[in-house]
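We just call them A, B and C in the order they show up, numbering each chain from 1.
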């Protein structure tokens, strides 16, 4: 039997716009019968953090970092024209108006379609994030070698 | 006869620098005999908007968004060191000095070389943009499934 | 004998975060037995500039540009949360704490592992940069056609 073609996405940026692009590509690929892996690293981890509760981490600097870089779908901002929240608010309104799914909807859809969500071990180590920081849809933590293993066997790999 | 190798570019960012990188890669690939598809989405759509005339869209929020996010090659800014326009102005001057083609020249060249320029339907829907918003070199509007179809059959795919 | 699988990276952005992602991916790929080419362009060139000495270039505008866009690993900033240097300083501290190699270490490692570092001729031309601007680990200057030649024969190509 022919193997499924695979799409691997590295999600490095953490804007609302990047999240939307990444998940629209991922869910569309899954609906076309592709296997999909999303590898979240750096600011991209913000997209898959839980919305509720404080992030527990050790040391003053990590606590500060995780306070200003809290993340979670509710806190994502447009990477351009955020305008103190106005631009982001407008974009969400406009998306709703045309019945475009929210990031939360897209994450649920992706998960139900079998898209694998993986968080980068290295960034988690530097920022002091445990598996517990992430939403239940996130499958596991893994490193760059895992990502490259997936990328090597993928038809398409994108760095978003 | 062997099929041409294909290059597919997703142009997500809309800086003068991103535009330049994307079109230099696209035209070089075309000159090397590759088939090239450029899929513009989000801020990247600014690169292929017409320079003249107001953007017609419905609703107050869309009108506002399309005013501040007007786009067109004449309004592209460097993503770094724009410095209220000074950095962008300097960069254009320096490019001219070394006889580097302008973005307008690059778009014309790309079009003449058969590079296909496609605008993302989903973003157009959210932002209220019609086909009429874009330059004549733009071939059509299409969605993520179209992009993935091209990417799957491409030798190289980049997310810019 | 089977040829080595190749990874090609275009490094366009020049943040400390982008540098880290790029070199971690590059060195991991090399350690997995892949051939690796890194093509630095635009702001990405800052990562491979020498730290010491002024950048010599002709004309007032180029001198100004190379003053504000000086580059070198010591001057790289986070693309987000730089906070006048505080965020960048914190990130470096945190990386050290978990024994994550610095960018300088990563460049040395990459070079020793045979990763090829190439600077983009076109950007160098516009910005007035000579080969002399770059660290000794940089192999050569080359253009978009060189990059595409590498990308066409690569298993994975990323635009960072």
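Here are some notes:
As a convention for this text, contacts are C-beta pairs under 8 Å (C-beta built on N, C-alpha and C of every residue); 3 or more make two chains touch, one makes a residue touch a chain.
What you see is a predicted model, and the numbers here were worked out from it, not measured in a lab.
When the CA atoms of chain A are superposed on chain B, the rotation angle comes to 120 degrees, reported as a multiple of 5.
At the interface between chain B and chain C, two copies of one sequence, fewer than half of the residue numbers in use appear on both sides, so the contact is built from largely different positions.
Chain C has its Cα centroid 25 Å from the Cα centroid of chain B. Looking at chain B, one finds that residues 157-159 touch two or more other chains. In the complex of the two chains, the chain C residues touching chain B come out as 10, 12, 14, 41-43, 59, 61-62, 64-65, 68-69, 122, 125-128, 143-145, 147-149, 151-152, 154, 157-159. Residues of chain C touching chain A in their complex: 5, 7, 17-18, 21, 24-25, 28-29, 31-32, 34, 80-81, 87, 90-91, 93-95, 97-98, 100, 155-160.
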